[in-house]
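Before we start, here is the structure in question, set down as structure tokens.
Chain IDs A, B, C, D, E and F follow the sequence of writing; residue 1 opens each chain.
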Amino acid sequence: MKYAEEFRDPKAAKALLARIQDVVTEIGATKDKPVHIMEVCGGHTHAIFRYGLDKLTPEGLEFIHGPGCPVCVLPMSRVDECVELAEQEGVIFCTFGDAMRVPGTRKSLMQAKADGCDIRMVYSPLDALELARRNPDRQVVFFGLGFETTTPSTALSIQQAAREGLENFSVFCNHIVVPPPIKALLDDPHMVLDGFVGPGHVSMVIGIHPYDFIAQDYGKPIVVAGFEPLDLLQSVLMVLEQIRDGRAEVENQYARIVPEHGNPVSLAAIEDVYEMRPSFEWRGLGEIDSSGLRIREKYAAYDAEAKFGIGYGAGARVVKEPEGCACGAVMTGRMKPVQCPQFGLGCTPEMPLGALMVSSEGACAAYYQYGGARAAEPAE
Amino acid sequence: MKYAEEFRDPKAAKALLARIQDVVTEIGATKDKPVHIMEVCGGHTHAIFRYGLDKLTPEGLEFIHGPGCPVCVLPMSRVDECVELAEQEGVIFCTFGDAMRVPGTRKSLMQAKADGCDIRMVYSPLDALELARRNPDRQVVFFGLGFETTTPSTALSIQQAAREGLENFSVFCNHIVVPPPIKALLDDPHMVLDGFVGPGHVSMVIGIHPYDFIAQDYGKPIVVAGFEPLDLLQSVLMVLEQIRDGRAEVENQYARIVPEHGNPVSLAAIEDVYEMRPSFEWRGLGEIDSSGLRIREKYAAYDAEAKFGIGYGAGARVVKEPEGCACGAVMTGRMKPVQCPQFGLGCTPEMPLGALMVSSEGACAAYYQYGGARAAEPAE
Amino acid sequence: MCLGIPGQIVEITDAARMMAMAEVSGVRREVNVACIAGADLNEAVGKWALIHVGFAMSEIDEAEAAETLEALRHLGEAQEELEAMAAGQAALEDAR
Amino acid sequence: MCLGIPGQIVEITDAARMMAMAEVSGVRREVNVACIAGADLNEAVGKWALIHVGFAMSEIDEAEAAETLEALRHLGEAQEELEAMAAGQAALEDAR
Amino acid sequence: MALRDERVTLAHGGGGKAMRDLIEEVFTSVFQPDAMEDQARLVSEALCEPGARLAMTTDGFVVDPVEFPGGDIGKIAVCGTVNDLAVGGAKPLWLSAAFIIEEGTEIALLRRIVASMQAEAEKAGVRIVTGDTKVVGRGSADKVFITTSGVGVIPPGRDMAATKVRPGDVAIVNGVLGDHGAAIMAARGDMALSAEIPSDCAGLGHLMQAVLAAAPDARACRDATRGGLASALNEIAEAAGVGIEIEETALPLRPEVKGVCEILGLDPLYLANEGTLVVFVPEDQAEAALAAMKTVPEGAGATVIGKATDGPKGRVTMRTLFGGGRIVDMLVGEQLPRIC
Amino acid sequence: MALRDERVTLAHGGGGKAMRDLIEEVFTSVFQPDAMEDQARLVSEALCEPGARLAMTTDGFVVDPVEFPGGDIGKIAVCGTVNDLAVGGAKPLWLSAAFIIEEGTEIALLRRIVASMQAEAEKAGVRIVTGDTKVVGRGSADKVFITTSGVGVIPPGRDMAATKVRPGDVAIVNGVLGDHGAAIMAARGDMALSAEIPSDCAGLGHLMQAVLAAAPDARACRDATRGGLASALNEIAEAAGVGIEIEETALPLRPEVKGVCEILGLDPLYLANEGTLVVFVPEDQAEAALAAMKTVPEGAGATVIGKATDGPKGRVTMRTLFGGGRIVDMLVGEQLPRIC
């Protein structure tokens, strides 16, 4: 697999790990006084556990798992709205597989499907577009979910639908953006972070400069990173080197994919189709200003919120996180997943209580499934 | 079963059979020179074989099985039109079970259903009406098939639909009437008939006087008969007695059900909804003047022919009976089913070639299944 | 053609649509009673009618039914007597 | 988040809709190439791009990729040398 | 872990924890197989008697509705396979049960079905030793389909077969005809008929034991399922090369079944049964067989309906009420309700 | 009589002549059962050896599409049940096959499926001895479902079971992982992926014989069907109360399967296989087992993937490419394609 497997070479990994160990030592970080690096992106969280990197990196380095999984930060009331849309007469509700199992207050999409809703898992919004073409007598609603990486795909799909004059396609837009929650985390008085590994695929769309504030305003290093294990290790090393050197810069480890200024076509499509909502709710983090997108007035015909009167802000929504949920503390690095009293008991991937147990990219789910903490314990 | 099982008493049957024997002897009919009585109605044909009456009546009495099975006389092109209607997008096509297996030139309704058409077997046009109420986004087409007995039910259903303003219900009208084919048979120079057993359930609607022409113009006796075996035997006896006595009258054996002048509500509904077509095609008999009904202009909204542009006279239809089919000869009494060269070979109930093998009321099918001629033969 | 079976009207189910429940040998089905109903629909309850494709098509004339049955029964009895006589005759002849 | 995988554009399938066939390890899927296409769509054929949810999101900069890889390889080799030296050292010490 | 879902989702068929939970909670906790291997491992001494043979049978069950007066699909699935073993003279021993479940099916329904299977298995003295579950998407199945297979043992010297029927043999049924077919029609409500007809669904293993004890030379037996008594008789007549004549007046019928048949123009001879068999015994054992059948609840309504003859080979005829004769042919396709 | 219909109609399930014609022409003419009784009657001397046990298994097959690169539902239905017998150490003998057919299914398709069942049965040395067909209305099934049940014999003294696996035992698979799951995904076209991946669908009876000849003390074996290798390993670890450790670098994977997994974010450890098994053998018989497997076509790609350990009981772990460790848990529900 070109441009992928080359970046999984164990020899190089060993070298990077040795260098990481060296720099951690140089910094003087120890198990009790570790250096904290947040991987913002769930994809990085997944890779860390998938390849067992957490156990290979030195004790003085601690990963804080960030809020960068769009499925994890999806509030239950959003899922409820999805179900409500799927329940509309004649609707085909399309979603990425990721969202199928996320619990709503009533039910998950998986359960709604079992209850008779026509819910289809698709790989791409283009597949939903095709469904709309083939089912002119049905209303096809696509669940637009994801960060800047995914936002261009729904924007381009809406533009395409408009070009074709498709009247039965709409997007239930729940796209969110990465920088504001980082800022929110940085503003959190409890947060002790020494640097960031930045989400590479977000930057392939928006470039690296939207993170300038991290270096400039907060004095923290950030390295935009690829997703292969060597990418990740190299980026961690680069962050550590900045820390050691007292630098705070925005660096780009993933230059083969990430252009400094992002992708102009994608940015133009986003700009054309979407506008910022005043604020948006994140599961585990609450309302964050200017952190979510909505469809502009001129594309109202493709806006499921407008079309069905269901969606963000349409009704009074009870935004209540389940009791005993420690997701906020985990996401701000104050707690490890295993320290949550619910972990593995009231909260498992089969029956997730909190946001971070929902998707395999959530920190708690990754801990649970890949054994962040369980590997050493005896089986229950 | 009140009003049914009392009319199946073997003792009385024995008496009637003895009397029939007597009268046949009095007439002087013999195996070689039998008296010919036509039971017009397929229901009577069915009863004859079902109860084995053909083997209990004397040799000098021969039953000629008439054209009174609406399924048998249904031309293949009608079935093709049914299939065409069923194939229309969004149509639910409703039919009595009888019509399911009748072959068209392309396929039967049973096969069309297997090929994906939404075809429902119903017991009553009222069930189709209910389907229309429950599926407002679908077009429900009811296959109106049958003689005067059945015609009121579709007429009343159309009136009810009109009262409710149901816009998605229509009837594909192929109703036919009994007297014209009888007249056609009587006009056939090959036909040698001595009398008729008349269809009791037709007369319960139209009364007995529509048959006056048989007695008055053709000098043949007719007795309107019920369907229980004693009804049938008594009616046969009454016909024989008329023959013996040189009378030609319209008598009513089935007075418990058949009012002399029929049912006024039914007649009014038929008159309101339907009008006579100039002519109509009968399978095995060809076109017969004034023998089929169509829906009046004022109910055009409930007329599937008008609504879908499919139906009688809408296109050039190849009206061709399969080669080697002797149905005409059987129906006019010139041949017994077993004398047809196709009987049991090219023509079986599984794969009927001619009209009379199609329904269990068809003379050939009844012979084949109940063993009119096969019972005595060795098994093949 | 035209399968029909006597059933008894046991209950009006939807007066506006002239629907009633009919019963045949313990089996029930809703039927339309327009053809047999008079001004007062409730009078149909208890009546027997010939049921065809979900419609009560014709009320059964119980007197006519009884008459036909009586004639048939008569015939049956006469036949039995005849047979008994014939049997007696045969016995006599056998005895001879 | 944001699963992406490098794939090669092998064929334009629908120019009007900017659709092309991409291939990943012998697996093909039609993708939209609006984000990586220049004026002449056909120039996209043969290119490698990062594929995400059916879109070719970003063209792969082959030079940058080679550079990163070179650096990593270098690192790997240096590490091997170091280990070899360490092993030699250990062997020496053991021998002592 | 307790199943939290009220309905089956695709996850319950995915091979993971959800599936394991479903299987453990709903199925194996009731059937109690010996071990969680891919196969049941079984020992029977009866199988190893010299001359004994193993009988194996299978049937898929697709009844709609899945619950109906007199039973449910689970009860039928056990009875049907037990009966197919029993009517061949085998002693039923072990059953397998494979479930194909439609997404959205209520788990409570599954529990009821499984309970009724287990109850019926216990009654019949068989064990459900192995099974399988699959979940298919909504609209890809109709709630639940069950396929059961059965293994039994035919004791040495017993050899019942349709081919063994000889002219003169007496045909006995164990009770009324057509109840299951009519019950399902009424329960389905397709023709909007309602009637209190319970399915005859029953296991006939004990009945067969009684018959075989009383009439050890019983020739052949069939349970008159799909296609009804007429089909069972035609099969036997054809296999044995005999004629079969039955008496219309001897056929036991429930009034409500007659009613359904009169309304829809159906012939009860072709209606399905799920607890009704016809057995052919030599004339001199007929009385004993009949008496023995009546000692078992499932045979309370047993009655002679006719006999094998040297009439036309393969032909089934019926003497009607009036002494007339007619052929009782095999059904052509399926019986359709008719109006003419 | 020749079947005139091109597609199955409800009449073919009605119990009459149409059904008989379908069964005779499409099914029994190919499977050739001994007699047309409701049951097969079978004799096997192997079953009566002292200490021999009968193995019985069942599986329902619901694959969509029913034909796919590398096989069809018929082939899987035979292989799957043969394999469930074989992996338990039984010699497969007899199969039953019950078909649930959707109205409208092409008869030509049924013929192809039946032919491939018969071919596979012959290959495996088993006979399809009894069967059943049901027809359901359009939309009440998805073309055709097949449930096969199998009976085999476990020779005296053989007792393979998941519970028997001991720390130190070596885990061997017979070839690449995840082909069937990926092949079906591609064939279904759900995610509009196309790839030339043939299903691994294969009967593993001969392979198992080779293994057992070379490694008579083989402890346990599982075919890694639904839920993939991960589920099979978890089942074994749990039953045996051992840990299992596998090597990521040792897992054999086809590049196209990797491709599908990378695109859809799936883990090949959870992908279904239909001709892939994992067997645990004592360390001292591992080499012999491996060599023996390679002599059989189905074992050409055999390789050691890990071993049982005295690590945490019931836990399966994987040493990653970099030497890191991670748990390989059971799947939660089903694996869903994901984008993040």
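Basically, contacts are C-beta pairs under 8 Å (C-beta built on N, C-alpha and C of every residue); 3 or more make two chains touch, one makes a residue touch a chain.
Please read all numbers here as calculations on a predicted model, not as lab measurements.
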In how few steps can one go from chain B to chain D if every step must land on a touching chain? 2
Most C-beta contact pairs, which chains? E-F
Could you tell me which chain lies farthest from chain D when each chain's centre is the average position of its Cα atoms? C
Report the inter-chain centroid distance for chain C and chain E in whole angstrom, where each centroid is the mean of the CA atoms. 36
Between chain A and chain D, what distance separates the C-alpha centroids? Give it in angstrom. 22
Centre distance in Å when chain C and chain D are each reduced to the mean of their C-alpha atoms: 87
If you average the Cα atoms of chain C and of chain F to get two centres, how far apart are those centres in Å? 63
Please output the residue numbers of chain B that touch at least 2 other chains, ranges allowed. 1, 4, 14, 42-43, 69-70, 96, 101, 110, 123-124, 127, 146, 150, 350, 361
Please set out, as single numbers or ranges, the residues of chain E touching at least two other chains. 9-11, 17-18, 191-193, 255, 258-259, 262-263, 332-333, 338-340
What are the residue numbers in chain D that touch two or more other chains? 1-3, 5, 24-25, 29-30, 52-53
Residues on chain B engaged by chain F in the complex (per definition of touch): 101, 110-111, 113-116, 350-351
Show which residues of chain A lie in contact with chain D when the two form their complex. 1-4, 6-7, 9, 11-12, 14-16, 18-19, 41-43, 68-70, 96, 123-127, 146-147, 149-150, 152-153, 156, 160, 199, 201-202, 204-205, 227, 230, 234, 253, 255-259, 263, 265-266, 269, 361
Write out the stretch or stretches of chain E touching chain C in their complex. 186, 191-196, 255-256, 258-260, 262-263, 265, 338-340
List the residues on chain D that touch chain A in their complex, please. 1-6, 8, 17, 24-25, 29-32, 34-36, 48, 50, 52-55, 57-58, 60-62, 64-65, 67-69, 71-73, 75-80, 82
Give the list of chain A residues in touch with chain F in this complex. 1, 4, 8, 10, 13-14, 17, 42-43, 49-56, 69-71, 96-98, 100-101, 110, 121-124, 127, 146, 150, 229, 349-350, 359-361, 368-371, 374-375, 377-379
